[in-house]
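Naming follows writing order (A, B, C and D), and every chain is counted from residue 1.
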Amino acid sequence: MDFRLTEDQRALRKGVRELLARLFDREALRAAVDAPSLDRELWRELGAAGFFALRVPEEEGGVGLGLPEAVLLFEEAGRVLLPGPLVATHVAAGVVPGASEGEVVVTDASEGLVAWLDEADVVLGSTEGAVPLRSVDPLTPLHRVPGIGGAGDEGGTRPQGRRPVAPTLPQRRDPHAPAGRTPTTGGAGVLPVADELVAVLLTAAEQVGSAEATTETAVSYAGEREQFGQVIGGFQAVKHLCAGMLVRAELARVAVRAAAVTGDPVEIAGAKLLADEAATGNARDCLQVYGGMGFTWEADVHLHLKRAWVRARLRLPAARAEEVVAEQL
Amino acid sequence: MDLAYGAEEEEFRARLREWLAAVLPTLPARPDPLDWPARRAYDCGWQRRLHDAGYADVHWDASPTQRLIFLEETELAGAPYVGANFVGLLHAGPTIAAEGTAEQRARWLPSILRGDDVWCQGFSEPDAGSDLASLRTRAVRDGDAYVVTGQKIWTSHAEVADWCELLVRTDPGAAKHRGISWLAMPMDAPGVTIRPLRTLAGSTEFAEVFLDEVRVPVENRVGEENDGWRVTMVTLSFERGTAFVGEVVACRRLLGELARTARENGTWDDPVLRRKLGRLSAEFQALWRLTQANVSEAQATGGVPGVGGSVFKLHYSHARQELYEAAAAVLGPDALDLDRDWTLDRLSSLSYTIAAGTSQIQRNIVAERILGLPKGR
Amino acid sequence: MDFRLTEDQRALRKGVRELLARLFDREALRAAVDAPSLDRELWRELGAAGFFALRVPEEEGGVGLGLPEAVLLFEEAGRVLLPGPLVATHVAAGVVPGASEGEVVVTDASEGLVAWLDEADVVLGSTEGAVPLRSVDPLTPLHRVPGIGGAGDEGGTRPQGRRPVAPTLPQRRDPHAPAGRTPTTGGAGVLPVADELVAVLLTAAEQVGSAEATTETAVSYAGEREQFGQVIGGFQAVKHLCAGMLVRAELARVAVRAAAVTGDPVEIAGAKLLADEAATGNARDCLQVYGGMGFTWEADVHLHLKRAWVRARLRLPAARAEEVVAEQL
Amino acid sequence: MDLAYGAEEEEFRARLREWLAAVLPTLPARPDPLDWPARRAYDCGWQRRLHDAGYADVHWDASPTQRLIFLEETELAGAPYVGANFVGLLHAGPTIAAEGTAEQRARWLPSILRGDDVWCQGFSEPDAGSDLASLRTRAVRDGDAYVVTGQKIWTSHAEVADWCELLVRTDPGAAKHRGISWLAMPMDAPGVTIRPLRTLAGSTEFAEVFLDEVRVPVENRVGEENDGWRVTMVTLSFERGTAFVGEVVACRRLLGELARTARENGTWDDPVLRRKLGRLSAEFQALWRLTQANVSEAQATGGVPGVGGSVFKLHYSHARQELYEAAAAVLGPDALDLDRDWTLDRLSSLSYTIAAGTSQIQRNIVAERILGLPKGR
């Protein structure tokens, strides 16, 4: 047992961080906020870098790595608020032609919501009657599928341009295995809809990245901002807020990474639960550390908070995750 | 321990209620929230009606209990908020009334009460937030005027304000609380630049105000030179007892709406949510009682507020944020829809533990001023 | 409207505080902890002082005051951890002969528990098959009525000496009215079992008194105890703990007092909820401020915590209180 | 990121499991918790068996991963805890091994490993808790001995200990961290008085130790004179990576028991409780993974522990207290019954956020040592 990252994994993470710093720096983030649309060029570059094909077997032209490596990727994506239906496209790689290469943008319906529906080429799941809503997250345009998972369909059913496409996906897949490979272990029904599990876990990984980013942001601000003649990070109230953020982020990180190694559905549900809490809680605390300055549109804190809210709702929200974990007790 | 209102108070309530029922249907349509001149016109029109009906000075001259009733009834009736007249009626006005000369009172107060002049507040600065007294906007005496240079932030209604209550540093050599003065600055003075500040909710409720050698007549100073901090404390503490009346009434209404929505969409059947709403209801009920307690205290001490406001604000800001979290759970995926009031209000509510004294600062105040624990870090 | 205490109420509170300081000082408390038994002499002195007859009409030999005054009494009782089935005896005054005078000790069954069963002369409610349990609170001996409100009856049904006595109590009573008076307002069924409501409220008042006592204890300790060269009350982490205690206690106090004035069942339920939270939460925080010293038997903190736990369970526990309040939304 | 154990580790686990299965049924009955001599005999008997089977030094010489496996398996099998040998095996022993002379190691270590000698800890004082370095117990050199006078508190197993690892002040003039020395004090020395300390759970797990001119030979000092603080830090940080392995395993078992009870008594049907248990289960699972992460780190850095222990302890102590609150909700009125293990454990759990560094101190450590925020108050 050695839970630390391997040399290769560390190199992968470093490489991804550098890649994203190049492809999507803060300037690009703010530009995307000002003019939200899916950057096809960026998508193709991510594809070329193996972001989507990471778990596709080498013999099928992919990178041939596993879920643990994918989790590292999505942590980094979460850190920089990389936009787009990353999880859906990643999961579809090797199954939906063009997804691996970043030529095709894949999205899916989850919990009555569809992200990036207008920009996607392929849509998985039923989106019948989906209507656009003004999304709380400026970087995640959403459609609402009426009557699913919430307060109903006051929005009505406006017509929409595109027909949803739902290709046949393998229903079960060993989460240890690279995408597209047939399961090698487990009887029938052991892992229900592994792709959805993978999507839940990668979403959790993004939450972890976001939680780490807001922790670092808060700590950095607390070390600079002066009030009452000292940096506010010297006040216990602020220090202890920051310490709590680190604890949440750390716990969620080990939970997500371990779930990536074991692929256990219950562990994945638990990891999502903790990751949602870490991302939303840390963004909240980061805002509190920032005070008024965090309340401005120009600070990135709100982007993390809003995205964290979206991710928390999109795949296996807390109430259901808690039930899944309780179930096996 | 008497929660019943006296005959005079009940009569005040009945008359007010009757007037509200008559006047509210005659109001024009609410303005677009992004149209500042329209908002100003709307708010000032409402203040003019209050003035003409004899309610203009309810924040100044009425008893705390009458003020409580006024705020409760207007909120219950869905009357307009104080809006653009907030600073004039609740901050600058009372300060001028308490600390201004007879001439200053005559000059500024009637137009505030009539809804003619709108005031804004120039207190906070980018580097002076929780530590307000560290403000650095400089005012240098030049003949019969101060020449003011600096930057203010979090100024509401700056775009449509006529006057700004401005804190400036007149003695940079003095201890930080000792070198501050309070000025009334005309917003159309040369050198004043306003830049709207976009909040995380996407709105521009606030502005930054840049001051570049703005000349403010010395006669516009309220209180003595370098005595502005004391003058300010009067302002900040003025209406603490009743500051939150409207908000608690509004929250109890919101909670009722939320329960209705939950019953409609089925989430009411989830005991986790239902019990959460029950708990919040108990908390807002208690916050209402705490408001009544604070008002009773203010009434008895001649309107001088205690530190009960900090106790109230600490719990209220937390409970109201919890209310929006519960709303998000009730709304499910719809909680991500910006076109729902709930969502915008949820975003705005993030400021409650920050604005007007962060929860951290409030806890310091409670610990030091009520509990007598030593000042420290 | 004037929510402050009247002159009379302030005098009453002062009188009760002085009375209890005389009848049950800290020495008496610790003696009672060492040798727990119901002090009949104390009980009679409480009776003589009007503690039980407070709400009994003057024409029936009582003090003729109302619920608000009773709440003040029970706040004081909660502050000093006055032992015995105070609430049950107080509620029974004017109905059970001898209760008013403190000659008779009345207890009742609540939520499957009976306090002081062995010492009581009169027991209200069904206590069939009640078995003694080793109570967490050394000052509140408990019997468990099997099969009610919890995990069942592993304890078996040991025989017990006394037959439970259940005199006929008026089923409804206006909580505004002094005890024993017939209701003057309200139709049938408006206030279900007002006595039980009164008992809930007075229990909540004890919780408030306890929450205030632990706040004062914590603040006083924080102002004396030195570590790292200063009193610990100078550290923000400790200050903020104490501030939170005050907020909880204040909120619960106004809730309880207002509920005493209105007698509204929903407001009473809400007040109990907040009072339970204040008493248990503040005892916990007081213990945290005390650190190791609070963990000793000699410190009184644990007595407050344990009693708070008992009171929280005895009448309208949180889960049900929340439902009662939610019901009217 | 490898959670699978290597062949050698699996073999270690298999052998251990086999041995435990054979030896546990042969153990005598557990002693009465109030009978200290019996507890000592039981714990030392268990340590002797470990010694004879080759597991005595698992806390010292085994790899962190082997230690993890050892603690996991013994807890799963329901083996006795380290008990009376806690200080000897996990604090004093490792300190002597690292800092003692060859002679000191030969004198004290074998008897610890064999379960012959029991050690206790004399660190905390009534006025030196969180601020341990402010300890005041004085040691004055007199020929070849120190004369020690003072008072220690929170000493476990004092009544049955042979030795005490004692921190004393040897230079009262030096800065507080600089004048401390580490002594091995025989508990039967004249002048040592032990007074059991009753905890809020009603037990006497701890004692106060009063020292009145106790003579401790200078040769019993480990490390240089006045260098005791550094020596102590070695002790305190020794087994941080694996310190909580047994407790997490135990908590996961407790949570399973709680769910079983809830299913039996019907409280499982309450979603508030059920979801709470689900959340706790996710947290303890994550805490287990955090333990593995900390062990992996310790393994890689040659056993030098990081500050991961503070992160772990902060969440663990909170989660475990939450576990007992959930248990109280499941048990309902039965949660007030002291004869239930749950109730006693709930009371004991109140110390988790206090003992071995309060949560407040742990947050300081995390903020300052991991996050690099400035030292302050």
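The criterion applied here is as follows: contacts are C-beta pairs under 8 Å (C-beta built on N, C-alpha and C of every residue); 3 or more make two chains touch, one makes a residue touch a chain.
Given the structure is predicted, the values throughout are model-derived calculations rather than measurements.
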Per Cα centroids, the chain farthest from chain D: B
Chain pair, A-D or A-B, that carries the greater number of C-beta contacts: A-D
Separation of chain B from chain D, taking each centre as the mean of its C-alpha atoms, in whole Å: 53
Approximate Å spacing (C-alpha centroids) for the pair chain C, chain D: 39
For chain D, residues that touch 2 or more chains besides their own: 270-272, 275, 360, 363, 376-377
Residue list for chain A, restricted to those that touch at least two other chains: 230, 234-238, 240, 319
Chain D residues touching chain A - in the complex, by the definition given at the top: 1-6, 9, 65, 68, 255-256, 259, 271, 274-279, 281-283, 285-287, 289-290, 292-293, 295-297, 299-300, 311, 314-315, 360, 362-364, 366-368, 370-377
Chain D-facing residues of chain C, complex: 111-113, 133-137, 142, 144, 148-152, 226-228, 230, 234-238, 284, 287-288, 291-299, 301-302, 305, 309-310, 313, 317, 319
Complex interface listing, chain B residues touching chain D: 270-272, 275, 376-377
Residues of chain A touching chain C in the complex: 235-237, 240
Chain B-touching residues of chain C, taken from the complex the two chains share: 1-6, 9, 68, 215, 219, 222-223, 230-231, 233-236, 238-240, 242-244, 246-247, 250-252, 254-255, 257-258, 260-262, 267, 269-271, 273-274, 319, 321-329
